[in-house]
Each structure stands twice: as C-alpha cells, then as structure tokens.
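In this document, chain identifiers A, B, C, D and E correspond to the written order of the chains, with residue numbering beginning at 1 in each.
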C-alpha cells in the first residue's frame, strides 16, 4: 500500500508556519509532544505514546552460550519491528532503510553505550550467560520513531526483572518467580535520544518532528544522551551542513530534554513499583481512558450453565435417531502393503505402479496390466467384511 | 450445578475495548479480556498488488504479530482461522480489486488469545466501517481435569486443562463459524461447550452494542 | 429482529441487525416497496439488513441510511472531493482521492480547457472535483466542471491555505444545509473553507495563526456535543488562544 | 458436451450447484461419499516407516525418519515428534517454488495439533534414557498430487507410516557413554491411538458434502475437518472460518466421521496384516 | 547463528542419524546390501529393471514416474504458461525451468527441507541435459516448469531424473526433437558398473586405495544419436572415460524400448485407435 502523498499546499503551509515559528499542533519549537508511559502485567513490558506515535517493547531473557571474545559477559539483542499497522507504507518482513537505521541506532544507543552491567549477567564464564532480548514494536507512526523507540527500550529494560540464579560450582539452578523474587538489571545510565529536524538549509530547527514535519524536513540530527550530559551517540542525516554552533546548541537543548524525560520515566517506574508493592492488581481494562467515548468496559460476570447439558444431549440424540445412510465400504487388498477402500471416482494414479518391482524391464508394463485385470475384485456396497483379494 | 462454581471461575472475565485509538489505520481497536490484550489495525479498501488481485472481491490479508520473536507456523495457522472467519463476515464483493489488511498485535497473553484476536478483529473491522453481513466473536473453552468446562480461561487454566476449544460465533444465528480444538474431547463435551459459547457470545455481542452506542452517543 | 425502522432512527445500529418491513396493507403496498436504502443498508427480500455500524438516519418519506464515522473514503458518483495530483500521463492526470484506486482526471475536464489551452496543473497540486464515474467495477473518474461545463467552484486550488483530514462523518455534518458547526466556525474568523466528501478539508484564513486555530478546532469537534463545542468556540472567541 | 464443459469454465460455482441441487456431484459421487482411498504401506526403504495414500487424485507420501537426540530439558522423559507438511510445486500449478505457503504451514500446525491431541504415540515411548537419549521422529509429509482434502490424506499417511515404523534397538555403552545401534533388532513403535480425519465442505450454508475435491474446496463457503479416534472421541474439530454451522449440523458430520473411521481402520489393519504374511 | 526456518515446525536443535552409532556386526549387514556380487543375476553392464509410467499427477500438464530398483522418482510438468520473469531480454524463445529435490526421507541420512547446493546443481544439470531436446522456440514468451522429486534415492539420481523428466515433457505434449535418456556408469579401478546402486557408490569411496574412480552421467537423444549432457566426477584416465561414455550410450539404448513403450501406451490410452 502507498502512503497518501504530500500535496504542494501542505508543504508550503508547513514551511510558512515554521518560518513564523509556529507548529501545526500548537507546540513551540522546542516542545515535545505528550509522552505517556504505560506498563503491563509482565516485568519488562512498556508502551509509550509520543503524541500519536505509539510504540511498545517487551524485554525477555534466556540462557545462552556467551561469545568467545567476551566469555564473562551477558548478551543484549535488540529488534525493532515496523508493524504494517503503523503506517500504510510499512510492509511486513521487509528490511526497509528506516528499519535498518532504527535497529542500528538503538543498538548503538543501548549496547555500545554500555548502559547496564553486562558482567552481572554471566552465570558460568564461557558457558552460560543471560541473553537479554528487547523486542520493540512500532504500532502507530506519526513521526520521530527514534526518540519513541529509545524511550520505550530503556524504560522496559529498567522495568525488567530476570529470574534469580544460584550457583554451586559448575551447577546452577534458575529460580521461578514464586521461589525467589526476580532481580532487576543494574542500569548504569539511561541513554535517551532527542531528534532535531532542520529546515531551510538549517536556519530553522524543530524538536520532536511529527510525520508531516518529517516529510518536509531537510535534515535530521539525533543526539542520544544521558542525564549526566554524556553523549552516547550523534547521528546526522539528510546531508545538511551544520555549524559547530548549531550542534552545540542542539546538545544543550538535548540535555534539558533528556533531564525532563528521564524524570518522567523515573516517576512512571516509581509509580508502577509502588502499585505492585501495594498489590494493586494491574489490569489493562483499568488503563483504558475512561473519559473517552471510544472506550468501553464490562465487569466480569457468571454465565447461566443450567440447561447446557440437556441442550447438548438433545442435539446428540436427535442426530443419532437418523443414522448415516452411507454403508461402510470394505477394504480391498491388491498386494502386500497396498489396498483400497471406497469406490467413488478412481484416481489418475493407477493402483499398480508401486508394487511392481520385479519382472523384466522390457515388456513389463503390458504383461502386468493384462495379468492384473482378473485379479482385482471390487465389492460393491457389500456388508461382508472378510473378502480379501491377494496376489 | 451448584452456584458456588460461578464464583470460582467467572464465565467471562472483565472486558474492555477502545476503538479508533491509532491515528494511521483506517480502523483500529484494542480488546481486553482480563489480562489478555490484543491490538488490531485495519487498512482498506486500498490499492492491491496485481499479483494478489481478485477480480470479484477484496483481498484480505491477516497478520498476527507475537509480542516476542517473529511469527512462525502457529501464527500462520491462527492467521488462517482469523482470515477465513473475517472473510465469511465481510461483504468483500462490494470492494472488488482492492486490498484489506488486518494486523493483530499481541500485547499480553493471559489465555484465550485466539478468541481475543477475533474480538479485536471484529471491533477494528467495525471501526473501519467495512461492510459486513454479520458480526462475530471468539470464545475459548477449556475442560479442566475434573471435567468442568471453563469459558474465557486464563493462561494458568489453559495449562492445567486437558482440552481446549476456541469458537467463533456469528451474531445472527449464533452458529459456529470457526473452530479450533486441542486435546481429546467427547461429543457430549463438545456440544456442551458450543452451547456455553453461544450463551457467552450474547454477552460479547451486547458488549459490542454498548460500545458502539457509547461511541455514537454524542452524534445526534 | 426489530419490528420497524422507525423506533431506531437516530440510534446506533450494528452490522447484522435486521429490520422487517412493515407488512404492507393492500392500499399502501406501493409505498412500502419504494423504500430507498442508502449507505450501510442492504435490502434482502422483505428484510433490510445493516452492514455498517453507525447511526440510523431517515429522510422523509422513505430514505434510510447509516451515518458512520469511518476514515477510508469510497468514491460515490456525483460527490465532490479534494484530490492530490500524483502523476500526469498522456491526456489525463492521476489523482489521489483517498480511495482504493487513483482517480483519473482529463485535461479537458476544466472550465474553458481545450486541446490548445491546457490548465496549469502540477504534480502535488490540489484539485476540487466531482466524480463522473464511480462504481466498484470501474476506475473512478473526476471532472472539475458541472454538467453545463462551468467550474462552479471546482478546479485547481490557488496558493496558500492548509489541507487536513477529518472523519467522513464530520465532513457530512459540515455539509448539511444550515450546518451549525459551519456557521459557528465562520462566525469566529472570516475564512475560505473547502470541504471534500473524502474527509479532506482545506481552510484559508487571514493569517497563519487563524488558519491553524480553525483547523485544530475542526479536528477536535469530532467527538463533542453541540454544547461542549459552543463552549470551546466561545473560549476561542474571547481570545484564549 | 462441449457446451457443458464451457459452462464449467464460465461459471464453475453454478456448474457445481446444478449438480448439488440433484443431490449428486460433478464426478458422480453422492454428497456423503468419499473418493476411493488407496493405501500403500512401506514403499520407501530408506525411511524407518512410510506410506503412500491416495484419496481420489490427491496423493500424499509420508516418510518417517528417526534420529537420536537429547530429550527436551522441561520433559526429560519424552522424545520428539516433528511433523511437517510440504506442498512442493510438483503437486499443483498454484504453488511456486520456495518456502511453504500458508496452506502447507497451516497443515503442518494442524498435523502437529492432531499428534498432540490424540496422543497417537506416547512420547515417553520414544525416550531411550532419561535426560540422556531419545528418538526424534521426523514425520515428513509430502503432497505429490493436490486435488482437495489434503488434511484427511495427510492423517491417514501419517498413521499408516507410523504403524509401519521400525526402530532399531539402541543401548548406551556404559564405558564410553556412546549409544550403540543394533540394526538387526528392530521393533515397531506402539501406536496408542488411531486418529482418522473426515473433511467436509459447505455450499450455500446448507449443503454439506464430504471429501471435497480441489475445485469443490475453492468454491465452497467453508471447509471443516473432524478427527476422531477409535473410542469415538474427537481429537480435532478444525474449521478455519467460513460460513457458520449449527450444533445439529456438526453432530451429523460427527456421525459420518465415525463411519469413515471404521472404514479406514479396517483398511489399515488388513494391509498391515497382509504384510506380515 | 543460522537463520531459523519460521515456516516449518522445528525439532530439537541437534539430532544425529542412528547410522552414526551402528554396531560393527550390524554394519556388515548394512554393507552387504544391494550390490552386484552375483553376476548371474545382474551383470556389470545390466540396468536395473525399470518401471515407468506417465500421467499420474492429475493437476499437472504432464507427469511421469520412474522406478529403477529402489530408486523412485516422480516428475511433473506445468506449462507452457506465462513467464514469471518479464524483464528477460530474450522473449523469442521459451524458458525451461527445472527444480529437482530430494524428499527428506529419500536418503539414508535425513535431508533438509530447504533446497541445498547439491539439489541446485542437479537442477542445473537436469536443465542442461533437457534443454537441447525441447523445441523452446515454439513457445515464445512462456515458461515450462519441470519439477522432479526424488522419493527414494538408491544410487546417482540425475540420470533417472533426466529420463523421467523427458517422459513427463512428452506426456505434457511439449514439442521435442527427441526423447532425452540418462544413464550413469560407476568406474572403480578396472571395473565399470552401469546404473550403480547407493551401496555400490558408497563402497568405493570407503576403499580409498583405488586411485582411479569416478562417476560418469550422460544424457542421450537416441534417435538423433546425440549426447545432450555429460558430467563426470572423480579421477579417471582418458581411456576409462571413453569406455564409460560408450557404456552409458549403450545403456541408454537398452533403456530406449521400455521408455518408448511407456509413451506408446500413454498415447494409446489418451486417444484410443478407432476400432476397425
């Protein structure tokens, strides 16, 4: 499917508003859209809404053999998936340029920046380590996927807990959540990416561009940073030329944004932690927006089971009164290992091709054919069971 | 049948849904059954690839995305079930040579996942405003080791059961559109489960109706 | 299922709901057969079944249809839409109207256009036109002239203005004669407004600021009652934004 | 005749319906009549067990290959059964070469579910030594000619091939901890249950026919496969969508499936019997 | 990590064929399998009895099945149909597409579902052998698909595949200059074995002491007496190769009457002669 094309009219209007330092959704130049962070039942699940952009992530772990180069370190695998749900332009299982870029950037953001302790994931050096998988799904694409993906990935990693392992020499036991409380990963810092869109040869910039702004932008600068103002990666794309001044300004803005977002994530994590501690049963139904008329809820309810058995028996009995009129066919055997039943239409497959393994090659087929004719007795509609024809 | 059993396991868990929650798809819905949650998005009628074009009806594609890892053979089989159920409900001959795509994303599986997929699919198709001859809903039943039939089971109940059945029921005559079973089932058990599902389906259809009423409540 | 249509008018109905026509008494038999089913309704013998969810509407004496809030547009003959020109090929333009296929638009289907005097239309431009051909089996065709060959408000859009998308239900509400919403909107700021039945709205006011406000107001009017909406509009008029 | 053939090409659905109206089918069968089922057990000597099954034109070959592996860590006393159905481009013009398409994948999953549900073989029987060694049975089912009713054919092929399977004796050498395989001592595996499938197709929401051909499958509004075992229990009621059926109609189909089960069981038993002679 | 096949049901990550662990005494019984020890039964230059039949697969335009000893091969032909690759520059003549596969249970060691390199090579070999025999210029802008499935492999499969495929092409009514017949000779030291079995091929490789051993596969168009394909593996002297090629050609001519007969029978069945 194709995306709706951008009309000249929209393009011109967008550029004009940007020149007037306005944005379509009423934001200021440096404003982020609303960020909403939701957690689920499982540890390591997180859903992030960045305006209308929606992404979700699930962290899981499994036991694996470590890499030979790093025998005492755990492994981290990140997978971003662009669900065809997110945009009509996305196709399932297609390695698009955007997907490759997002995957690569997320990997740089999390793995290369060493944001959590990989060594604590080692169980037996060189033999068994934890492999942490981050599965990110993009569910609705309204621009700035990179920032949304980086927020959801680091938040779900911070939320995740892995089973505890006790080691006795070379032997180890993995404890279930009932036996021992699962333990969180030790996160050193939270790298968060901040995207800047540039327009008019870099004379205007916007933070957190949405889909239509991304369509008219000339260049993009992504800065990933943690709250200690340490830059984890910078990526510029689109072939714009930026002044040193502009980059430093962006990194200043990024540091403020990262601080805000980190605080937001911490708060959300704290809230969830408290809710779990108070044993507030999480429910997805509770997380539905109550004020919206597009949402609806229904409490659990019993079902009257009284006469179910009678209804069922009745149906069965009724069917048994008129038993199938179709008589059973009796099988006919042609040779050791070959037989047939029924006499509906016969197939284009002769019966004999597999059983003829002996005989002279030359005249074989015809000889066999004639010989066989007398052999096969087909019993029609017979109720007798013991008629077997053998060679 | 004593009344206490109902308290042990409710026939249906808490339901929730939200329609039109995604901005990009033509129709979207999330459906919640207890802790099971599925998100659905629909695009179409849209442009169809020439290789997939059908001259007298729309081409429906269904994609089920698991939460962890990539989809495999099990998802393919489920997609087939959902697709053929939707095809029977949709009046696809009204949009020939076009494509309809339905994407289902597992958000959390706590039992009855296929049923929840069907419910989310139906809600999303309704939201997209695609013409349908009837609605459908999904209900999962399991038979516990004691022989008790439990509707809308949790993952735990599914694991402890000896047999599992998922049905799709149509909204007009409450008949069986889709059936997928696991485990060995006696004929009596099957018919009981169908009868129970038919009864449970009425609640789900009422829930659909209430949701739509609420959604259109502000348009007079 | 339901005895009659009449009780359900103005209420939300779901696909699969079936109405039985009132059994016609001999004298008004002719009348009952004349029932006209609009979008979302299908006649099946003596029954009328619903195939889309939405609100059942009735226009006396005997027109019924379903008003739904869908997003995807399906072309209908005679409807006026805003299209985006995606390509020029030979004597026609290919226009994206939001349907399942691109619509075609002839060079000659503009007011005053001749073989020599071709209209100035570029790829990416917006056009306002109506469907000359639109059915499920054929490629839709747009024209920018009415049956008398006059533009009648149709044609290529000029410079400026903003294009945005709303639901198809809202568009129809904007286009009902004496639409309250439209009246309230135009009372706020003087503006040019073009509404396509395919859910695309083009607006142009005196300043960018005003254009933006109008667009945002329209988009938020989707799920509001008349009262909520008027409150919001009043707030805007008082200069809250 | 020529007119009739062109009717078939021009409007296949009406063509079929005109027969169904008269309670018969284009190939001359009654509505609840199966096509001739031919079974050839053990044609492949390189497989531990094999069977070729034809239902009408549809032909499926199942070959069982047994290999040795370590039992799964969560069930250390069980072996593996790995079924796969493939529809190579050989069997129909609709499939192009490449990985299996949806139909074949769904069939693989269905066969896996039937194996699981019916407990055709106790997986415990495949374990040679707990936590150390077990058999994995690769049940590779290949469609050679596709003319409808793939699932029934696959199940009969699988069952017959499993009945034909002979596993060599395996012992673990205490000193070296290496398994030793004695090809001279082979024994059959214990078949715990005998699942047999019956497929149905629905036309116009009302007419139910058994054992649909390829044409009938593509024109039907719904298809359904019922799998029963010898105790009359259902191992699968597989109806992937399509038009709806009432409980009563299902019950009728279950009755037909029971008759079919007896029929095929007799066939399989007779052939196995004849091979022993 | 190899990419995981998500379109099939997966078994354990690793499993081993029981033949790896066979005890010595039962190994002997394996090794003594199907070989020409007794010359009176089958001489070194005798073919195995062959059974051939056309038109088994109802869905295909043409099909054939061949059984030679334990080797079992089935082939179907689809087309001529619209070519898939439209960008191909040469549209004047048709395209022949071959796909040769082994069923996973066809060999003693279980094969993978995914087409391996060996199968791709064989497909290519099959294509090269068949192409000279087919009047491709009669089918412009179209393609003819030949699918070969080896159900059981007992000895080199390519030669039988060629014969089977040309039978299927004939059955499909594809215009051909001549039939294409395949034959294989196994050369070990001084002996030459026509139409070898798996055991015969296997046995030689274990006895590595022989310095001249190899396999020659040849495809022949018997009426035109032209060789359409020749392939040889292993190390052989020129003289041995000459002899092997001659043996192959003779083998093909031995094969010819049986194949001719099969075709005649098929034709007669399709269009029975008017009864006089």
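Just so we're on the same page, a residue touches a chain if its C-beta (ideal position, glycine included) is under 8 Å from a C-beta of that chain, and two chains touch if they have at least 3 such contacts.
Model, not experiment: these values are computed from the prediction.
Participant: Return the chains shared as contacts by chain A and chain C, ordered by label.
Facilitator: B
Participant: Counting hops between chains that touch, how far apart are chain C and chain D?
Facilitator: Minimal hop count between chain C and chain D: 2.
Participant: Determine, using the mean of C-alpha atoms as each chain's centre, which chain is farthest from chain D.
Facilitator: Using the mean of the C-alpha atoms as each chain's centre, the farthest one from chain D is C.
Participant: Count the touching C-beta pairs: is A-B or B-D ahead?
Facilitator: A-B
Participant: Farthest from chain E by Cα centre, which chain is it? Let me know.
Facilitator: Of all the other chains, the one whose centre lies farthest from chain E is C.
Participant: Report, in whole Å, the distance between the mean C-alpha point of chain B and the mean C-alpha point of chain E.
Facilitator: That gives a centre separation of 50 Å.
Participant: Using the average of all C-alpha atoms in each chain as its centre, how far is it in Å between chain A and chain D?
Facilitator: A distance of 32 Å separates the two centres.
Participant: When the centre of a chain is set as the mean of its C-alpha atoms, what distance in Å lies between chain C and chain E?
Facilitator: Measuring from centre to centre gives 65 Å for this pair.
Participant: Any idea how many Å lie between the Cα centroids of chain A and chain E?
Facilitator: 44
Participant: Mind pulling the residue numbers of chain A that touch at least two other chains?
Facilitator: 292-294, 312, 315-316, 347-349, 354
Participant: Where in chain B do residues touch at least two different other chains?
Facilitator: Expected reply: 20, 43, 46-47, 73, 76, 99, 170, 187, 190-191, 194-195, 215, 217-218.
Participant: Chain C: which residues touch two or more other chains?
Facilitator: Residues 223.
Participant: If we count contacts the way the header does, which residues on chain D are in touch with chain E in the complex?
Facilitator: 43-47, 50, 57, 59, 61, 63-70, 72, 80, 82-84, 86, 88-93, 96-97, 99-100, 105, 108-109, 112, 136, 138, 140, 142, 144-147, 168, 170, 178-184, 214
Participant: Okay, in this complex, where on chain C does chain A touch?
Facilitator: So the residues of chain C in touch with chain A come to 84, 86, 96, 98, 122, 124-126, 157, 159-163, 202, 208-209, 211-212, 215-216, 223, 241.
Participant: Quick one: in the complex, what on chain E touches chain D?
Facilitator: Within the complex, chain E contacts chain D at residues 5, 7-12, 14-19, 21-23, 25-27, 29-30, 56-60, 70, 72, 74-76, 78, 81, 84, 99, 101, 103-108, 110, 113-114, 145, 147-149, 151-154.
Participant: Chain D touches which residues of chain A in the complex?
Facilitator: Residues in contact with chain D: 312, 315-316, 318-320, 323-326, 328-331, 333, 336-349, 351, 354-355, 385, 388, 390.
Participant: Where on chain B does chain A make contact in their complex?
Facilitator: Spelled out, the residues of chain B in touch with chain A are 1, 5-7, 10-25, 28, 32, 34-35, 37, 39-41, 43, 46-47, 63, 65, 67-69, 99, 101, 103, 105, 107-108, 110, 149, 151, 187-188, 190-192, 194-196, 199-200, 203, 207, 210-211, 214-215, 217-218.
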